[in-house]
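What follows is chain A paired twice: with chain B in the first complex and chain C in the second.
Our next item is the complex of A and B:
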């Protein structure tokens, strides 16, 4: 049972991160290579401000900081480059990834840190006769609430409607009088903000190091490839499945656990080259 | 969409294949061959006569080996419009194959080198059948994931290949009749790598003029239209992917012999990224572009000691500016400068 819950914990982190990636891909047709780096920045920002303002405000701060970075990224990178071949912004975000990993090393050093679990959640609960840290249950609920919240925002709000319309046909949406650049900026900011939030909530559980982003970003890519690029439902299912598989793998076949995501990806691609959610890769 | 198309047209010009280009003539080819032989001879003389200094030649040798590696990446981009984030897989695996064959199977290294290239070609063809169908963005992510997966396998694989610590390749006393001690000197490594660069830089433009080469360039520009003309397009793309893997594998084998050591670090994601950056900063329109990129990378890194630990930040900045302002790379800039000068003179 603890294995299932641990799988859910990692799966939910991946849900938050990959929904950010899916949002950005939907509006800008860019896979944000620096998404893992934003997650790392979020964790470090949270680590820095948490002693002063407490854990929960630190989470809000990191989300806000990353949302501003995301908005700036859209304004000064994705928007001027939107008429370039789609590889150009991809490679630029790769350059950002290189820069950020080094910058984090310069500012915070290459040592590993860890953020203290917030006091109010620092206890264990008994679930089905096993002790389980309560904090991890919070991660699960934050992940599920985030996924539901983003889904609701996209389905129910007016801006969400614009975002869905713009990701289907940018030009036609713009002709209806929607400011697609504004909507894109908002969505990219939201996606990056989510990465920052994921960084902070993951920080008490994992250790902070400049390379933490590149570790998680490959898993996110596996999620997107399995789930089908640009598909929310696909990414959600794939993220949870990947979390489960890694958790079970680590428990029962620890030697090859880190390989399972790649084997799974190869299997899915041979079986269905466009991922679970069908033909959205283009 | 419209804007993207006009960008493609710019790309055609940047690639140096406007429609009215005269066909390569035998005479021009011969001239090229002589030019390359002279340039190659001068380079080898300079290295062998210690004009350049041992340390500089060592840097050049390393840069040229990575230049060959980046040539593979550039070749793939030029003909398939695919940016590989995982070519270090082929670079490293080739060296591993040579090492395994020589250390444990006792196969002569002279047989093992072509055999390793053959295995890489076969593996890359198998992988290519799945991934060349994808568009640029998905292709990039997938090559990255494959690279991470292979790295993970080799790092976890305890036993004779040494896991994350890597393994020493036990070189025989002579390779192709040359003492391996001599082959491992920077001068010899430079001579081998320099000759290979020249041969590749001579052959790749010829390939681009062949029927297959021109067809792949056409596929790159508009696959649907080429298919409509009655060609298959899938096999050619696999061929290009496999060919680019073999070029990078050749560099990997040189690297393995030069250092007589191979570890999973050689095929991790950062190594792939470096090769990709060298190719893109140098420019992929010509086979020389990636070599220029590699030379720039290594010369700058060796000049500024601080960069050996903080190479990522400046490289990221250069990459971003190059992609945003200078998408044809250094070689493209040289070409533009040259054509501007030619136009000024002919006026």
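Our next item is the complex of A and C:
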């Protein structure tokens, strides 16, 4: 049971983080290499403001700050580059990732930090005879609620409908009178905001360092490839599956645990290159 | 159209003047350059210890230059990022040596140090290992061009032996990173435990870059062992401490570790490490005149106490300065020869560089994390003279002599 819960914890963290990547790819057809850096900025913003406003407000602040950054990124980077070859925004986001990592180092230094677990969640509960940190249960809950929220937004709201339509055919959606640039800006802001939220949620569990984003984002790309670029449902399933694989792998076959996700990714690329769920937001 | 013509005589006069200016500038300096190439991790999970080691090395260089240099040389540095990988280290070493930096220093990991050691003859270079601790460095990987100023795993384990002996736990669990150093410590622990009539009942080797230690922590919790020995590094150590704390591992077990009592981990985890015991390579509290001077100069410059990795970088440079001062040469071969068997004055004492395997035989401490002078830091409680923790020269070290 503990192995399942551990898998869910990391899986849910990946759900929050990869949701943003999926949304951005779906609308802008950009593989955002800087996504891990936004996750790191979120963690650092949370770390900075938490002593003043508390953990939960820090999470809201980081989400908001990153959403604004996301909006600006779309307005001044993705939108002007939307008609360029896909490699151009890819290289630019990679450059952004390198720059942001250094900027974090300049602002916060290269020391490693940790954010204290919020006091209300800093205790353990006994589950099936094993001690389990309550905060990890909160991560699972936040991940599942976020996934449900994003899915509901995509399915039930008018903007969500526009987002799905624009990811299918941007031109036709625009011809119907939908301001696709506005929708894209909103979706990129949401995606980056989720990365910021993931950073704060992860901070009490994982250490903060300028390179923290590059470590986690690799797993997000694995999720994207397995789930299908642009498929929210696919990413959700793939993120949870990856969490489970890592948890069960570390428990039962530790010698090859770190290899399994990449073997799975290679298999998917060979037998189903579009991933399990295709490439459209749904 | 009238073209601009530059007269050959005028050009050569300008070039001569320019070169004369450079020569004059160098003559004014009066010192030749001692080129030290730093290969360290500037990216990846080992970027932090990499930066610390480099800071200590550069601090020593700036300090000696401020005193007029060493052996008629001023120290100049160039750094290459090994990206935490052996291939990156080899690439960095290649670049530095091609640029004339034949005295190499600094890799964080033993694997990277070993890779460099295999190329030294080809590059005509020498290396002083700064942070790698694997026994292999002075075992089957020893070479006449590589020196080692940090304690190795077996030496570290020796300093833990009296503490382990005094413990009542007969069964031990081990968690170490899945590369040369982690496996080395695991092996050294097994041997020590067997000698003390104890047993290592479970060994976990999470890969480098592990973020979530929960599966490993739960296996440690399920283990019958009441004593957990760690050999983790950098972010992995911090993640482990944080997560072990949230799982309440320390409530059920006693946690100790090799290279665990370090400032960076304490700073990152707040009070979580209070009371933990382990080996200590360096502490600002070590009572030597030279260390007090070093701590004072460091604190003046950086407004914080030096860490273990920073001190290791500094000590490594002290070894280099001792040899350069003796030979008055920047030639890697001359320096290597001078280092063999040399008595090296360092901030923590004067120690011998063992000629047989190029290991600096230095003192060692064991201690606990607590508050001293208002700062939470490793406090040495037991000290060991070099002879007390010295390990025999490995029969695997078959060094080709000069």
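Note that the second predicted complex is superposed on the first by the 277 of 282 C-alpha atoms of A that agree within 3 Å, B and C clash if a C-alpha of one lies under 4 Å from a C-alpha of the other, contacts with A are read in each partner's own complex, and residues count from 1 in each chain.
The rule is simple: contacts are C-beta pairs under 8 Å (C-beta built on N, C-alpha and C of every residue); 3 or more make two chains touch, one makes a residue touch a chain.
From a predicted model like this one, the values you see are computed outputs, not experimental measurements.
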| item | value |
| --- | --- |
| Chain A as common anchor, with chain B and chain C clashing or fitting | clash |
| Partner chain(s) touched by A:258 [first = chain B, second = chain C, both, neither] | both |
| Touching partner for A:246 - first (chain B), second (chain C), both, neither | second |
| Contacts of A:102 with chain B and chain C, given as first, second, both or neither | first |
| Touching partner for A:124 - first (chain B), second (chain C), both, neither | second |
| Which of chain B and chain C A:270 touches, first, second, both or neither | first |
| First, second, both or neither for A:92, with chain B first and chain C second | first |
| Which of chain B and chain C A:45 touches, first, second, both or neither | neither |
| Candidates 147-155, 165-173 or 291-299 of chain B: the single one with C-alpha clashes against chain C | 165-173 |
| Doubly contacted residues of chain A, that is, touched by chain B and again by chain C | 101, 214, 258 |
| Partner chain C, residues of chain A touching it in the complex | 2-3, 6, 9-10, 101, 110-114, 116-117, 122, 124, 130-133, 135-136, 204-207, 209-212, 214-216, 246-247, 250-251, 254, 257-258 |
| Chain C residues within the chain A interface of the complex | 43-45, 47-48, 51, 204-207, 209-212, 214-216, 218-219, 221, 234-235, 238-239, 242-243, 246-248, 264, 267-270 |
| Residue numbers on chain A that touch chain B, as the complex places them | 29-31, 80-81, 83-88, 90-92, 94-103, 105-106, 214, 218, 221-222, 224-225, 229, 255-256, 258-259, 261-263, 265-266, 269-270, 273, 281-282 |
| Touching residues (chain side chain B, partner chain A) in the complex | 3-4, 7-8, 11, 81, 83, 85, 130-131, 133-138, 140-142, 144-146, 148-149, 152-153, 156, 269, 273, 276, 280, 310-313, 315-320, 323-324, 327 |
